[in-house]
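Here chain A shows up in two complexes: once beside chain B, once beside chain C.
The block that comes next holds the complex of A and B.
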């Protein structure tokens, strides 16, 4: 749309350039350095005995036989851990919620299947696992709760009787206008109960930690697979009762995080406790069986939602009372918090209420995951909009276009106080529907094709909150981190810049994009920038990589630091070139020379070496060339777009294929268009997985996880994903540095609704309503069978 | 996920292998491709006292298939089956099903004998061997015997092999000229929700030698003998196919799991048996 943005710096490596990822070369050569690649001298290995029940009293633990096994070094049980450490803190608490103490080992009651109960350290992981076999724990299973609906039944077992009077942790209400009155007065209302599945982030590298304590140095070095090294340091200091100066967290390559690797887990505390007492490195690498039970899960909510409209199709009100499953205990980020904020979506609705009922169950704690509540609200809203269209006999496209906020309506403050900053929402919907050939698809007959399949098209309009609207916003919610990022830029003698950040490198390409941002701001060739990530001993104390916020906040910090850095470099260059006015100079790739004309230049290497040596610099300048800056965004940027799915349904089996998927998306100014596409496609893969296949299933009687392995948790492979046609608009955000919006999560949001709407369009039977994710062939078949039983379809 | 301790034995002949199996008195497991065994060892779902690695035994991977059938060595990898021109020409169903097995890595390691001994209830290879009327030649310290595949498969991961017996080859009779194969999966090349394989020869207007097999609807792959009998010698009219569908459903007793409910499996069985037979009537599938 607005194409101001492919401006090119002198170096040609700034904004809008699809530079290849600098991270890829080492990763593709097998030179990535993950925690499991570390083999410290004399390292010991930890294994963890976990609760096999959804909820159980730990009656007794007998470790005597295990202690006798050759190679076993130390065993810890809950009472010891409770003496030696504090409960794990919560980084992003649920507003208004009481604490649910979460020690690294269960003390008397284990609250979920997979909760650590005993930890063993031995000379090898195999020996440690052999020792687990020899430990005799007597569990007394306690009544459990498997879902948020039964959790609130009057006769439900009370899961945390010491802290909670019911299984509801807290209720957060947000309301504007008179939604109930408006719904009552509406010509049509669509209402239903929607179920959103429990899924898991499933990074290919699970969690991993190596902890080493050097008593004489009073230093605990923790090598950790995390998105947030500085927050890990903070939480470890609190849990271990150490000062932060005694802890250094190092994070090298991270094999994916997706929100699941924010903050610490029990095993991190355990590895550190063992290392502190044994004085030897302790290594723990999560295996996949552990991952499915002890790493945080995501989503799972039940929504009672309504949308009303006038007879001419104007939306009158929206309500959504939803119970989110927190799982058994708080995790660092708890249950997702963006459902309410984004429920109104890109629509002009004045009367709206969201009621968030945070509920505890006897399942693995829920944590952050790409999307963080936004796929849920999108699914509920967009499916209800299609039902309104059906009731009114309106085309779903027309109905959306009628109700979308127009560019002149923005900025728009919604019922939660969130401010949608800018964009042309309808333009994305028109682009998506034109690309997919919407009118022709809708005009085509509803009958089966030659292959017996029925085709349909479905739409989904979406917004995504990217970044945090200031530290004040976070403070109001009790969050234990700020909205800022900080970077340090430091010249080196070779003419390069070391960019030092606490952001770790987990696939989001920050090493590449930070270099591009610096190139954009300073004119320095991105190839001269070396990004150093994830060392709390070296980097400014930052927030970390999550919430689609890193590029936004880091862009500001890089801009501020870059301007300071380059200003000094130009002053020194002017001195060396004997030019009076440094502002007449500019960086041009690898040299500094006249901004607007030919003339003498000086290599950056000479300027930087002079500054570092401190000899021959202007008398008014201090030696060295280094700048550190922090930047805190004052508002969140809302990314947005529209998607259109075309499906072909086998009406006999319910099987369906997604024949086309068009997504139009706006992330403001793209730093690197290729990486934007990579981010969107990667998130779409997870969005399709959650919409179509993935679901953590629990046995309702035993409360145990039924599919805790890659064998039967159906994460999609490349062969399962539809081809995606990705288009972009580029409306710069007025509230962020350089006009960027975050891009990390948006692909997770639209697939569920677009696909469900397309399937319902294909089946074109008003009795068929799909209200549950994932939408599987069996679910479609059941909906068809139910409609047939009601006499709707022959 | 580390295996419990076990002894590792690597025999260089079948005789050595079966001797090792006998010595461990039923507590040893044979390692062929390892695609099922190794994960089960690592998850400690299986704790044998010994693992007998047959991968270095020469002569167990010979493919000798012609117009009258023939034999395939038990250690033959799926990828070898997949690439064999003789198998494509004379046992086309086998070629077809290998393309539905796991991924490239699995097919490069997994073996036909290992698959039959593992007896995964939804494995493609047991189903195809059942439909093709194959048998296995097994050897132990006390000699050899031949076991038809329909007598080999007893239940999920359960065969009629004695603990000291090793499958050395799989034997195939002359295959009917036509086949049809349908499989339903939750994702690409995942374990099957359900699969149907049928073979027959067209004789004039009728079909003979009909063998209809299904997996995912019982504790192991099943041969639908009544359905096959219903179809024998017929022209596979719609009415005859409908009767065969009912006869197949009569012997199916699926259970619920995370892939599908029992109810949906029965529905899918009806649809896919019918569709496979319709395709067979129209000339069958091709490799």
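The block that comes next holds the complex of A and C.
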């Protein structure tokens, strides 16, 4: 833990202030600098020929006609790339799984629709695309697998016969107590198979890279749209056989990431290989058609889960044997790894087992996406809890309140070893249900309204792991990155502080929040802090912006560096002011002066200039005023909350509307409440999208993606989303600097279960069970029809 | 492919003469020929609206228009909104409401709402949601964008 005693709040720009964002002006004026906005002199442009089949042998490639096209500079095929580079490394391998190495271009077999097969560099993107049309690739389609259930069939085509004996990559089991025995002895058990849809993160800016090599300088400058500049540098060095010192990754504005822009993709290696050989800048900007096929997907999984309870409603055991899809090949982060950790949720359950099975299929690789397994586990558990309530004739609210962990039960170590640190879970549920008017809604009766619709209310309680519990934890998982953040603070002669971080700006507002954290620690006005992001040549080596970890880890680093920085500044100021005790001084806005009284002050600009000049500083001090610190959290903080949805369902058509959605969440101490709300609302929109509309659908026969464009993959628009009522509690985490919890992902978690539970509550027919996302009007209509066929609802 | 066509148009109040390939769409022309990179390309299929500009007073998805089709027209982009160091009232409303995060879609919303403002007439919240449904934002969940648009349009209406 970082010492919290030396905090100053004089500037009024520290924790808890809804400061406007420093990122906004440039973005509002159209002055953001995204990768495609860069126009390096004499840049060349890359286009990529991709496999059109879900799985195919690359029999032959004829590039002769394309090479003759005026303006084409270079064409690479798989065999050349295999000679000149290494397979792409994995940052977060699936524990216990064999490698499935692959190069930036398919060599003999292409494993998914969209996998790069040939790359062309030309004078313009249009010419490069013209050249693709002139390339003749003979593909021999191979048997494919298009979902996780068929991947596990005994007669399924073997997708990676050289590395795997089946299409199961690995199984990870975690268990505590005697879940099978407890389930067998339970008065009631709810069990089902749940299907979670394959979706995609869909940042509005796709991936993009510009690579430029100067032979004599031995420097490859890579401008990249990424959440992790330092990890991109690491992976590029490995793939390109360069030392890291020869690579500088620069990341300016990033148009959204949501977990999808972690590490490198094949096109990054290709752009660099071309640049290395051509000696000219090479630019590649993903178009949306490519994005749907070649940027990672997420979430697809099938869960066989059970929850048992005693006759009086106490949960006895939970089990979930689930299969997640890796897709055809590894991506840097692979399939979601937080389902097991969060399956027990905020409940007091001693007997629990999770079995995670990872399959390979013939689809686009799965990667990290906001939530990373937590929306999945929440959907399964919270829907089953409502089924237990129906079996017992209990109210779903009472049943949850009976089983939620109480504040005095925390810290609570669950069956995976994860430690839920602190919180009042029931308080959030009471707040949500009071706000929504739960009792009145439940008492209103089940009859149709005047408009013929049935109303229902549904609940969802959730936790979110935020941050990583130390590098030791990551080492046990084989992860190729640390849990820390590093930051450098450097005084400038104008009296400001340059804060240099490897974190990039992709909408998460780190520039603003880092300045606020430094203001909190040092007392300097946040407006004097200039945050420099995303340059691996300038910033201390860090981990990056993902896993709701950045603010937690960076808060520690900023606090440590800030205390060191301000300590020296006060010593120099005391010397200038001829005051004996530097600790009697404090930063006050733009000056340093007496902490508790009036008296002579000295401007920060004078103190900083004196330090930088090195003239007139105390003899015991070295010149300069700069501090670098690293901070590694030793525990994860669990954010938590509850949601309540109110729906109105047309019992004839299955059409339904979400009339209200209340969410109560706790992210500990909020650095900037306005930005916290923004993060939660944004993640909720993605949660609604995945729960209601979004699904990447594949034709099971051809294995082709059926809706790979924004015209038929339905990301929510302003007309599609319900109004959200957002409330907060604020329980400081005892395990993080300043008591913060992460906040970036929590909104993705509760919508699916809350909506499904509300629809089932409205229909109040025990035969109607919704076990598949997304829950669409068609899905509800089919459930109604199935129930009618079984002799239920007429 | 290289047979270029001469176009003359007005962009942000300045006259532009250029020779463009017939296949270049207006968004790419603005971005890569004129250096007006504030207009962003999100799908090139007219679905995401991130590339929305104003053409002769009307909001237009610039990825669905060829540059040659813009010959003779008056185009306004996000770069026209601020005056010197001052954000426009709409830009300020976005900042105040935290109506942007990554900022990639933002120019599309700003130009769509600017066109709405010129069109005039009161809009209910539901109508406004419909008007803004042509631009996709993946960061904010739209609540704050709708709030900013509502506040701004109400202020414009109050000013008369």
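Heads up, the rule we're going with is that the second predicted complex is superposed on the first by the 786 of 794 C-alpha atoms of A that agree within 3 Å, B and C clash if a C-alpha of one lies under 4 Å from a C-alpha of the other, contacts with A are read in each partner's own complex, and residues count from 1 in each chain.
One rule holds in what follows: a residue touches a chain if its C-beta (ideal position, glycine included) is under 8 Å from a C-beta of that chain, and two chains touch if they have at least 3 such contacts.
Bear in mind that the values here come from a model prediction, so they are computed numbers and not experimental data.
Visitor: Have a look at where A:25 lands relative to chain B and chain C in the superposition and call it first, second, both or neither.
Guide: Only chain C; A:25 stays clear of chain B.
Visitor: Using the superposition on chain A described above, determine whether A:693 touches chain B (first), chain C (second), both, or neither.
Guide: first
Visitor: May I ask you to decide whether A:711 touches chain B, chain C, both, or neither, giving the answer as first, second, both or neither?
Guide: both
Visitor: With the two structures laid over each other on chain A, which partner does A:408 touch: chain B (first), chain C (second), both, or neither?
Guide: Neither chain B nor chain C is touched by A:408.
Visitor: Have a look at where A:288 lands relative to chain B and chain C in the superposition and call it first, second, both or neither.
Guide: both
Visitor: Kindly classify A:598 by the partners it touches after superposition: chain B alone (first), chain C alone (second), both, or neither?
Guide: Neither partner.
Visitor: Looking at A:674 after the superposition, I want to know if it touches chain B, chain C, both of them or none. Which is it: first, second, both, neither?
Guide: The second partner, chain C, only.
Visitor: Using the superposition on chain A described above, determine whether A:258 touches chain B (first), chain C (second), both, or neither.
Guide: A:258: touches chain C, not chain B.
Visitor: Is the number of chain A residues in contact higher for chain B or for chain C?
Guide: Tallying touched residues of chain A, the top partner is C.
Visitor: State whether A:506 touches chain B only (first), chain C only (second), both chains, or neither.
Guide: In the superposition, A:506 contacts chain C only.
Visitor: Give me the intersection of chain A's contacts with chain B and its contacts with chain C, in residue numbers.
Guide: 126, 130, 287-288, 711, 716-717, 719-720
Visitor: Taking the complex as given, what residues does chain C use to touch chain A?
Guide: Those in contact with chain A are residues 1, 21, 23-24, 31-32, 35-45, 47-48, 50, 77-79, 81-82, 87, 91, 94-96, 98, 100-107, 110, 128-130, 132-146.
Visitor: Which residues, counting only chain A, touch chain C once they are in their complex?
Guide: Going through chain A, the ones touching chain C are 20-21, 23-34, 36-37, 39, 126-127, 130, 201-205, 253-256, 258, 287-288, 506-509, 674-675, 677-678, 681-686, 709-711, 715-721, 723-724, 747.
Visitor: Which part of chain B faces chain A closely enough to touch in the complex?
Guide: Of all residues in chain B, those touching chain A are 1-5, 43-44, 184, 186-191, 257-261, 264, 267-268, 271.
Visitor: Within the complex, which stretch of chain A touches chain B?
Guide: 124-126, 129-130, 133, 287-289, 652-653, 655, 693, 697, 706-707, 711-712, 714, 716-717, 719-720, 776, 778, 781-782
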